[in-house]
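Following this line, the structures themselves.
Shared between the two complexes below is subunit A, which has subunit B as its partner in the first and subunit C in the second.
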Partner chain A sequence: MKHWKSLLAATCMSALMTGSALAEGSLIVGSVGVPRHFNGAIQSGVYTFMPSSNIYASPLRYSKSWEPEPYVATAWETSEDGLTVTLTLRDDVKFHDGEPLTASDVKFSIETIKANHPFKTMLEPVASVEAPDDTTVIIHLAHPHPALLLAMSPVLMPILPEHVYGADAGDIQQNPANLAPVGAGPFKFVEYKQGEYYKLAKNEDFFIEGKPYLDEIYVQIFPDSNSLILALERGDVDMVPFVSSPRDLKRLSDNADLVIESDLGQAIGPINWLAYNTKKAPLDDVRVRKAINYAIDRDFIVNVLLQGQAPVAPGPIVPGSPLANANVENYDLDIDKANALLDEAGLMPGADGMRFTITADTTNGSEEMGRNLLDYMKSQLRKVGVNVEIRIAPDFPTWAKRISNYDYDVTIDKVFNWGDPVIGVNRTYVSSNIRPGVIWSNTGQYENARVDELLAAAATETDQEKRKALYDEFQEIVVDETPIYFLNVIPYNTVYKKGLIGIPDGIWGAVSPMDDLRWE
Partner chain B sequence: MMKSDPMTDTLPPQAEVAPPPAAKPDHPMRETMKIFLRNKSAAGGLILLLAILFATVFGPSMYGVDPLEMVWVPLSPPGDGTPLGTDYIGRDILAGVLVGGRVTLIVGAVSAIMTIVIGILVGAFAGFFGGRTDVALMKFTEFFQVLPSLLLAMVLVTIFAPSLFTIILAIGIVGWAQVARLTRAEFMRIGNLEYVKAARAAGAGNAYLMFRVILPGSLPPIIVASALVTGSSILFEAGLSFLGLGDPNQLTWGLIIGQNQNYLLDAWWTVTCPGVAIFLTVLAISLIGDGINDALNPRARKRA
Partner chain C sequence: MDIFRKMTPTLTRLLEAFLLVMAVVILNFLLIQLAPGDPVEVIVGEMGGASEELIAQLRASYGLDRPVLEQLFIYLGKVLTGDLGYSYYFNTPVLDLLLQRMPATILLVLSALVVAVVLGTFAGALSAKKPDGMGSHLVTLFSLVGYSAPVFWIGMMLLIVFASIWPIFPVSGMYSMRRPDGIGYYLDIAHHLVLPSVTLATIYIAYYSRLARTSMIEVLGQDYIRTARAKGLPENKVIWKHGLKNGLIPIVTMIGLQFGQLFAGAVLVETVFNWPGLGRLAYDSILRRDYPTLLGILLFSAVLVMIANALTDIAYRRIDPRMRRAKA
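Then we have the complex of A and B:
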């Protein structure tokens, strides 16, 4: 009954907005992000990735247990020396315009991504790509690159049609095909009204028999998350991905018509943390950073301020990753220890009981994982004689400019793992990535030769056990020297109506293909 | 060579313009005060404001709870451990309201003074000199009047990082236009009265005329306006804080509301208590302003 009503509502709504009724088996997804375009090969961000993963196919996809599975590629083989990866493709894959997908499209896509994707380290070791015949792709690497297979996921390696983009199409960022994408994925692009909605329709010729189930996906873009959550509660939308506000989650969890899926998207790995400027006194002293960590009660943050809706992030790699190391210093609340460490660092309290003042940065908006945490810190750090001046940047560019030019003491920051440490973790810690003016580089100016060495070794280590050992040591060092105090994993939950099944719940969560999604 | 001024020749002797010695028993100030206090709502407003001032000046040390200290279970309701409940971190709301009142009232007063000073200066020059000066200054004033004031204040605060100083500055900059128009009208009216002409004839300079002769006569409506401006400045600061543009390091009523707005549905007391404080303060100031208006109005005087 509920489902029928929602469909009716959906139909009416869509008829009002687009002038055409939605067919049965359609889905309304609510979103707040406005995608610049749909080409995930040259643009990052979940709001581009979500449609891109559905419009384009990719060589591989990943299981919930982080195992590669066949998608366009039926077989993949890494040579003994780790320098060559050979893919065998299906021969029955067609783009939405009817042209066959061949090895040369894969070669074109890999080269395009290497040249244009914001994740520079993702395909950096790729030296050359060969397409000896229509179904074979040979990737030659400059050095072994264990992150390569994960980088072949739908979200990171959409296969672009070479015949649409052409070999000499000029600046790919300006290519009109980015806004009228042609892929080989489960859904075809229908239309996009910038800032309002976009519509995807079933790809009848999808290469996996019987899929996808849904006829249409209609993504409605809301101006803010409040109106989006209200629409979800009213039943106007069927599914909302990336719900991360603890307050919203708490409220939605009381709604009997909705289901909250939280065990997904580990590969996206968004972490909310407190970053120190490790070159700025007194924070250049590791004892001072540790003292601050000990004075902050992370359990209080997670259980009370975040209302138990977000998991603790013990270290630089999210707990859901097979490479995560849980045996690191936990910085349990210890005011005495914090005071002792500060005394030891020679920062004695003045007449007013205060030792020193630090400025704490965040941006306007997302108070729950921003300003509220700093307000808490301000109250809490007074207990150890540290005065906190909160500085709220009015917008993202102002904040990014301050942080990337090292004009800060500590800041709240949100940084994503993106599956493999080589893609999303290394950038924050390797000394070669201290690049002034570049946000989400090593903005803490952290330098440790052993960390550089470990990360370089792990990037090329093909043995999973040995690789894990290298990352374990890396995590112990980084948590111990604490250029960053890791606070919480940002919950990227998908909330949907009861009756919807086959939710994309793999390691890439809502940025995976929705070919299994359907109404009961 | 000196030339005798025809004006000085025709000027009557000083003694003749001097008013006859007044035999009035009551000082005008005292009379005004009497009329003011006879007005029940104005007297109530005054008592309320004095009570609020007392609470914010002496309250914090009497209550003795640090408003930044996390003293109790977060979001616990009033009466359950703390008199007015706690916020999302567990800080005492009552302590926050008492301490926050100080900065709030200072912001209100200082930005009101700024508004009045800018307004009087602009209005006085426009009304006194007239002509091109008037046209130019009034066009300038109109420019500020047509801009949506909260939006302009937001832009100003956003451009210069939100601090107490920039907030006061922003409120002052967006609020003076009305005072300027009021002052200008008064100056134009009074500027043509006999006693001003006389003073001019007696050789008074422009500055003396503007600020010693005309200004005192035009003060009553400006005093009323300043009371209202103080109230609206407090509301402005609260509005900016609510939008997250307050100074995050200065505890004000607006900041408490802004910090707790996310918990409005779960914990009404976190925003209601500072909200009521703002409401009462602005109400008291408005009542006082009304009372002053009545007391200074000659017609009301006759009624009384």
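Then we have the complex of A and C:
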């Protein structure tokens, strides 16, 4: 019995010790995403991007006002005709294995990303890359590509060491260094226990004097957001990025020990929306789609269902982007108008008062911004004689299979802007991107020649104002013809313990380097 | 010849086991194919989209573009040579993943088993002492609740009470991220182990207490117990020594038989408590359609259950001379 008591006492002691021993230089980040690997040059997604932009350095960084800033490149110049971009690199950058970072590594990285990155349009116009000396990189473009500089952010253009990932090491998809990455960023990779946690440690030779501040970062992976939020409330983890559930945010905002940072990550730009299958009757009639929009009260969704925690998304480009156009049709609630439009479309109510039935899809995983919204829509649309059958997919692949093969009427979907429209917006609307079996292509099968024209012109327009005008018109058309009813921006908040400062913010938010992060 | 005759039952048994494992592999492989969507869709989903070329390239590199039967034969061939394949999602050999996760599951299952057997037997025996007493009814009530409540629900309730309202236990994982050194490391693991093992033990406590109660009531009605009492032995000695020793036999049987179920329960408990074992890995790989990992886990657990059954069989023959004679 004596042993039992001493063991119990020791257990309690150790519990107290681990709770209070807040190592000054260390940080525990909580996350629900499992990174497949850490090489952001060939794998996208926020859970790879977060470690990738800390392990690898990139040519440029971006300010809060969407301006490029020096990082590995100290200067960048675009030629008059917009066809050549010249970078001047620092000469004092070393990879974590001690090898110097040179222009040929940057050339190799750009070529690797162009060939392998899932965001194909990002570097598509790059025709060739030259590295005339160790600190100069010349990028030749097939046509002007205004999105290029943004694509040089840490999140999108990790500089890989050619001697580790190059052709000599075989197929890059199978390269073991994807799971044991070597970069030149502020933190070095230490270890990864698949699905459990990974650990990063300070890069003592980081090229920015005095940074980073933290000695080590643990990223602990949780199976679901409930236990993650509980761990955050208890103080087991210090920082949680990508908190978007209104219920969680509401609950956490009452906690005096925690700070919620919401004004970040505009370039990630996740939008929650209702997508129509525009080729399927009766939704192929724009009047029917409009009628459905008018019958749904978006303000109610945002203010009541989402508890005011998520901003309205007026159109295809998130409001935080300099290219966003807020002067588009708002679809304020108007039941009479909705009924009138449906009558006009010839869909008269039957004996039971119902006009037609549609299926509405979502996934099991998305409750607050999925199932709940559909439940609300079902009751609203009943008022205009539209019957909604909700179909909840048990998991992502089931849903993706249905949507990408056009086996749906309407669906809730979450799609990301990824900084420049060329990268994350065009894909949903250009008619050349209707590709069966490919999720997040133009799965609404939307076709509009003017939209194709505008997006093609904007992709190569280097004059910012003219570019904005092209996107303005695009946004007006798309909101008016409504292949999609845009609902809300998904609020990617970072929640952290009081006393933590310099949290990764700006337009890339939590997928930016954490070199400024530290305890007060 | 004599040796041969002795070996035949063992060989038959081994052959049976082998065929059974193969059947398990084939059945699982085909069942998994029924789920809509494949691992490439999951990978693409987490990438935020990808081109047709990349999707085709990924499918080809995992061999998913071939006919299902061909995939099955390739997989069987690999399994026979001891290669469990490569995890699509985790980018690692499946065997490495299994070995990495195994210790956590074994620790959890064994500690839950010990807790369940000790507490269950004790409670059952105690209630058998006075079958109509207050204690007995409490044990019956507890068993009923413990046995019928879903194990993940119990886990969540324990989390709310002991990790949130009264935060004396950690909410998740097997150790603190900032690890203490030396003895502190083991205490830290023990501290993390309490809630998951109690949760997993709950249904089995219920099970074993019911079993021990029934068995003890029966044993305590036997002649030799009456004799022991008549001899004037103290009641405690009668119950704990003469009674329990005989009452334990069915419990020993149950331990062997329930090993597989305990393992199944671990999937849920590990998911609730983020315990880094095979169960959590199974859950992750189902959601991600990571066939090789899932098949590896199923194969592993099938083998485990078979070993447990074989051991029970052997134990039987040792304990009960009648079994040996019957075979001969």
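In this text, the second predicted complex is superposed on the first by the 496 of 520 C-alpha atoms of A that agree within 3 Å, B and C clash if a C-alpha of one lies under 4 Å from a C-alpha of the other, contacts with A are read in each partner's own complex, and residues count from 1 in each chain.
Simple rule for what comes next: a residue touches a chain if its C-beta (ideal position, glycine included) is under 8 Å from a C-beta of that chain, and two chains touch if they have at least 3 such contacts.
These numbers were taken from a predicted model, which means no experiment stands behind them.
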{"item": "Subunit A as common anchor, with subunit B and subunit C clashing or fitting", "value": "fit"}
{"item": "First, second, both or neither for A:234, with subunit B first and subunit C second", "value": "second"}
{"item": "First (subunit B), second (subunit C), both or neither touched by A:403", "value": "neither"}
{"item": "First, second, both or neither for A:372, with subunit B first and subunit C second", "value": "first"}
{"item": "Which superposed partner A:200 touches (first subunit B, second subunit C, both, neither)", "value": "neither"}
{"item": "Superposed model, angle subtended at subunit A by subunit C and subunit B (C-alpha, nearest 10 degrees)", "value": "40"}
{"item": "Touching partner for A:391 - first (subunit B), second (subunit C), both, neither", "value": "first"}
{"item": "Touching partner for A:118 - first (subunit B), second (subunit C), both, neither", "value": "second"}
{"item": "Contact breadth on subunit A, by residue count: subunit C or subunit B", "value": "C"}
{"item": "Touching partner for A:267 - first (subunit B), second (subunit C), both, neither", "value": "neither"}
{"item": "Closest Cα approach, subunit C to subunit B, once both complexes are overlaid on chain A (Å)", "value": "7"}
{"item": "Footprint overlap on subunit A, where subunit B in one structure and subunit C in the other make contact", "value": "395"}
{"item": "Subunit B-touching residues of subunit A, taken from the complex the two chains share", "value": "247, 304-305, 364-365, 367-368, 371-372, 374-376, 378-380, 382, 389-392, 394-395"}
{"item": "Sites on subunit C touched by subunit A in the complex", "value": "35-38, 41-52, 54-55, 61, 89-92, 97, 100, 159, 163-164, 167-173, 176-178, 180, 183-184, 187-188, 190-191, 271-274, 276, 280-281, 283-284, 287, 289"}
{"item": "In the complex, subunit A residues that touch subunit C", "value": "7, 10-15, 17-18, 21, 23, 26, 28, 33-34, 36-37, 43-45, 47, 116, 118-120, 173-174, 178-179, 193-197, 218, 220, 222-223, 227-228, 230-231, 233-234, 236, 395-398, 400-401, 416, 418, 424, 427, 435, 437-441"}
{"item": "Complex contact set, residues of subunit B against subunit A", "value": "68-70, 74, 88-89, 91, 158, 161-162, 244-245, 248-249, 259, 262-263"}
